[in-house]
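Both complexes shown next keep chain A, but they swap its partner, so chain B is in the first and chain C is in the second.
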Partner chain A sequence: MQILQALANGITEGAILALAALGITLVFGISRFANAAHGDYMTTGAYGAYFGTGFLGLSMPMAALLGIVTAAGVGLLFYFLVFKKLSRNSSAVNLIVSIGVAIFIRYSIVLFAGSEQYSYGLPILRAWRFGELRIFPMDLFFIGTSVISIAFVHIILRYTEFGRKMRAVADNSQLARVSGIRVENVEVIMWIMASALAGIAGILIGMKTVVDPLMGWNMLLAAFAAAILGGLGSPGGAILGGLIIGISQEMSVVFISETYKVAIAFIVIAVVLLVRPWGLLGHREAVR
Partner chain B sequence: MKINKQSLKTIIVLAIVVGFVATAHAADFKVGALNPLTGVGGPYGPGMLQAIKISAQEVNHAGGILGHKVVIFSEDTQTDPDAAVRAAKKLIEVNKVSAILGTWSSGITMSILPLTTRAGIIEMSVSGAPAISKIGKQTGLVFRTQASNTMFGIVFAKIAIKEGYKRAATMAFNNPSGRGNTEEFAKNFKAAGGKITGSVVYEGNQPSYRSELEKVLATKPEVIVLGSYMKDTTIILKEWYQLNEPVKWIAPAWAVNPKLIKTLGPNVTEGIIAVDTVPNEGSEAYKRFVKSFKKVTGMEPKRNPYAAMVYDQMNLLALAAEAAQSTNPKAIAAKLREVSGPPGKMVFSFEEGVKMLKAGKKINYDGASSAIDFNASGDVSPTFGVYQVEKGRLPLKYTMRP
Partner chain C sequence: MSAYFVAMFILAGIYALLALGLNLHWGYTGLINFGHVAFFAIGAYTSALTTTSLHWPIACGFLAAIALAGVSAYPLGLVSIRLRTDYLAIVTLGFSEVVRAVLINEIWLTNGTNGISYIPRPLKNLPTGTSEIAYLGLVLILVSGTYLLVHRLTQAPFGRTLKAIRENEEAAQSLGKNVASFKIRSFMIGAAIAGAAGAAYAHYINFVVPDQFLPLVTFYIWMAVIMGGSGSNKGVILGTVLLMVFLEGSRFAKDFIPFISDVKLAAIRFMVVGLSMILFILYRPQGIIGRKDT
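And now, the complex of A and B:
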């Protein structure tokens, strides 16, 4: 029963992690770098929503929408201000600059909102019991939101004109350009999507825990790990990676030790990458 | 002489650098304020920095330390040991400070102690880890105005016994302070006849502690004792309330504070016991500090107990330098114990103390945070306050000596 409970807890953790990893992997697929500011885009979304509930008095759904728009806006802003101009530079340059962007966003938030913790003031609901198993109603909401968002992204990538263009750019951007695809437009829409996903993930974490300036940054390492585990650039891999990390962390509390649960998740990653350096669902070509 | 553009630029840059260095000239007494301006200590750091500045201003107003003006260099630990080490290096190597004040959280104090020890400067913290006492005893350069976790553990155990609990579990944030609190509690609780049903040590900065919580709840304790911080405690209590398992809580007051109660609401937090040292309310130093602190920050000093603690650190540092008639950190450290405790005339401010010292008298500084009589390890022994959440408020129930 303990195992089943840990599995349920792990799925919730994994669902949110997958959402964060999906945004990272989208950016990597198109713009070819690991965006260290992604965690702080998540924080931006969470604060945007807090601004909605705490200051404007909006209902939670409206505030969440505001948060998502804010995150997307900030992501787009830094694309135009920074990453677009650096697109010819190596991925290492972009990664380092994105760390700078991350710090800039974080301390701008501290400047305006302080470093105290906030909450959306939502009611805290008691668990539903199914025998010994206890399910938090909010967790079902988190998993549901995550599944719907991921499905939405999947449909766009698989079944739309834009999705085909995006996959073409991800495969080979020069060839895509020669075939008449406007790569810049694809990048703009990709950044909006990835940042909006960050916003959603941030708001979910804010609802589950508290809103504070480090919330996104603290999630970033795990989200990176999930994206790498699944194979950078592979949306399906990001989801799988998130779930594996979430579940293995919770399982290790039951079987090994809660103190090392983070370390154990990383051992799992190390082992997987030793066997498959390109990640679970990544392409072999991605390894350079 | 013809000066080309390049060398002109060099000269200007040089002039600026020289000017910059000269503004912080050798005659100043340089002190590093290394506070948690962001991160989990964020609610306290900015107030602590202000408190150090208030004291420095009082010292400068009274003529400075042996005529030297006190200059404060502020750095942010981000409540992160890595960032704290970088900041401490900068304070030591670039600013050449004589002391680093106000490190919060034991993980941080422990990580910068090797640096301050090697540089031979004074380190004053508000951290509680028992290991800090050992280093203090060896080097004579380490002091703290916060009670050690050993004392917190003793007080936690006394409270649990007084409240009639027989079965307790512990949950600790994985750092020297978190573990210190709960391990000392377990030792003393068992010695008093109590039973420890379970204990977990968790890694911080997680979005959920539910599996850890379920693990200790499964051992059926009557009370869970926490060695934790505000953010993780908020998440743990939120998940506990959702789980709907009756249990009581005893936590340090830096974790269970008005901000946490506001975040979770009165239903979740009702009855939780929070423990911290109480400020030295009878002291003139406290009254004066409260007035200045309210004026400068507009905040209630009771919500930030560390502010009074670091205010005392700066005052004591200045008094010890006067007593030593030296600005050498080792000479100052050697006098800190003497000016902090008996025998000597009771003084409540730098200004008063300097007058006494100049008159050739011994002094005993009675601080805003506690009476502050440093022992051989640089530790203090304050009075503890036991608070209990009641309808969203946190009134003092009783006080206790370890």
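And now, the complex of A and C:
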């Protein structure tokens, strides 16, 4: 029964992780570096929504919208101010600078909002009981939000003009450029999408637990693990990776210990990278 | 006041050791190590445990710290051969978080979050004040010794090969250099230096707890290396000194800016750290006195 409960928790956790990993994978696919500030874009979204409920007195859906817009705005801002200027540099340089961005955002939040925890003050719904298994109605909401957001991204990537351009840039940006695709525009829209996804993920975590300055950073490693496991640059892989990492983390709580949760993400990353560096659904060529 | 400066210079010396190790990884070999604090922690805990629980002499604990930190880098070195640099960054960051999880969890060994206290300090019997200055002397000897060693290493064919790997791995490989072995050795030597820094830290502070080894420490060192100039040993020492002056100096900002809480002041300090990483990479990627050929 405990295992079934952990499975249920893991699916919720995995659905949120998948959203985070999808954003990381989009950035990797187009701008070609692992963005360590992604976790802090998540935090930004959560705080944007808290600003909506706590200060402006907005309803939760409106506040969430504000949070998503804030995250997308911050992501876009740092693209223009930092990453765009470094687009000719190596992925290593971009990754290092993204750490600087991450630290700057995190402590800007601490400066303005303090380091205490906040909650959205949502009504607490009773769990449904199936024998000993307890499922919170909110968990279904988290999974549903994640599925809808991912499906939305999938439709854009697969069935729109923009999606075709984006896949072309991800495949070979120079070829895309000479074919007349404005790579800069594709990057701008990609950053908006990726940061908005981060915002959604951050708000969901805030609803599930609490809002605090370290929430996104603490999830970054697991999100990276999910993205790498699925194959960096592969949206489908991000979802699969998120679920596998989420479930195995919750299982580890049952069988090992809560504090070793972080170790699961690490072991998965290390093993995948050594055995199958292009991930479960990624392309072999994507890795050097 | 002079006691305060002595303390500051001891910490600066310890940070300088960490920076010299990281510079060997990133500045010379081009390996992104986001988990440097793990080797620092392993060194600190090794020396702390061997000198308290096992009652080893401090010198032996110190050597054990260097050895264990170096050896613990071996598996990561193996991993680094097969990974792109940005994947290695994520793996090393994960490694440092796992090391911290072990320090928190394995209470039988590390005493968990309570940490280890009463770690002996060498030259403790000297009168108060003199004992700190003597310790500063030891740290300075350690830093200069390490500086000379790293300087020698990086001038030697070994260092030139590392730079070749950094610039073009395939070219180094095709010239018959065993890239894997060089990378592993660079990783292990840099980690061993961080282990020495850990031991020096543990015996100075006299207690260790897992919270002293957060990933933020790693990024302080990164900032020192980037600011001073990656690939220049003099540069990273300068970077460390500037970092310490900034970190400590900003404590006095409280006297000049009224109505600012400690939390806000600390937040501003971290914001400056993040911002200067961004600005240096954007506008002066070679650092203050780094190599020109970046």
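The rule we apply is simple: the second predicted complex is superposed on the first by the 270 of 288 C-alpha atoms of A that agree within 3 Å, B and C clash if a C-alpha of one lies under 4 Å from a C-alpha of the other, contacts with A are read in each partner's own complex, and residues count from 1 in each chain.
Here is the rule we go by: contacts are C-beta pairs under 8 Å (C-beta built on N, C-alpha and C of every residue); 3 or more make two chains touch, one makes a residue touch a chain.
These numbers come from a predicted model, not from an experiment.
Will chain C clash with chain B on chain A after the two structures are superposed, or do they fit?
Once chain A is superposed (C-alpha atoms), there is a clash between chain B and chain C.
Identify the partner contact of A:Val186: answer first if only chain B is touched, second if only chain C is, both if each is, neither if none is.
Once the two structures are laid over each other on A, A:Val186 reaches no partner at all.
Counting only touches as set out at the top, which of chain B and chain C does A:Lys85 meet: first, second, both, neither?
In the superposition, A:Lys85 touches chain C alone.
Contacts for A:Val254 in the overlay, against chain B (first) and chain C (second): which applies, first, second, both or neither?
A:Val254 sits against chain B, while chain C stays out of touch.
Counting only touches as set out at the top, which of chain B and chain C does A:Asp212 meet: first, second, both, neither?
Once the two structures are laid over each other on A, A:Asp212 reaches chain B alone.
A:Val97 contacts which: chain B (first), chain C (second), both, neither?
second
Touch check for A:Pro277: first (chain B), second (chain C), both, or neither?
second
Using the touch definition from the top, say if A:Ile269 reaches chain B (first), chain C (second), both or neither.
A:Ile269 contacts chain C only, not chain B.
Which partner does A:Gly114 contact after superposing on A: first (chain B), second (chain C), both, neither?
both
With the two complexes overlaid, spot the stretch of chain B among 6-14, 60-68, 114-122 or 240-248 whose C-alpha atoms clash with chain C.
Between chain B and chain C, the clashing stretch is 114-122.
Could you pull out which residues of chain A sit against chain B in one structure and against chain C in the other?
Looking at chain A, the two contact sets intersect at 107, 110, 114-115, 259-260, 262.
Of all residues in chain A, which touch chain B in the complex?
2, 5-6, 9, 12-13, 16, 107, 110, 114-119, 124-127, 134, 136, 138, 205, 208-210, 212-214, 218-219, 250, 253-254, 258-262
State the interface residues of chain C toward chain A in the complex, per the touch definition above.
Residues in contact with chain A: 30, 32, 34, 79, 82-87, 89-91, 93-95, 97-98, 101, 104-105, 216, 219, 222, 226, 263-264, 266-271, 273-278, 281-282, 285.
Along chain A, where are the residues that touch chain C in the complex?
Listed in rising order, the residues are 33-34, 36, 82, 85-86, 90-93, 95-97, 99-108, 110-111, 114-115, 221, 224-225, 228, 257, 259-260, 262-263, 265-266, 269-270, 273-274, 277, 287-288.
Could you pull out which chain B residues touch chain A in their complex?
Per the stated touch rule, the residues are 37-39, 42-43, 45-46, 174, 200-203, 205-208, 210-212, 214-215, 218, 230-231, 234-235, 238-239, 241-244, 259, 263-265, 267-268.
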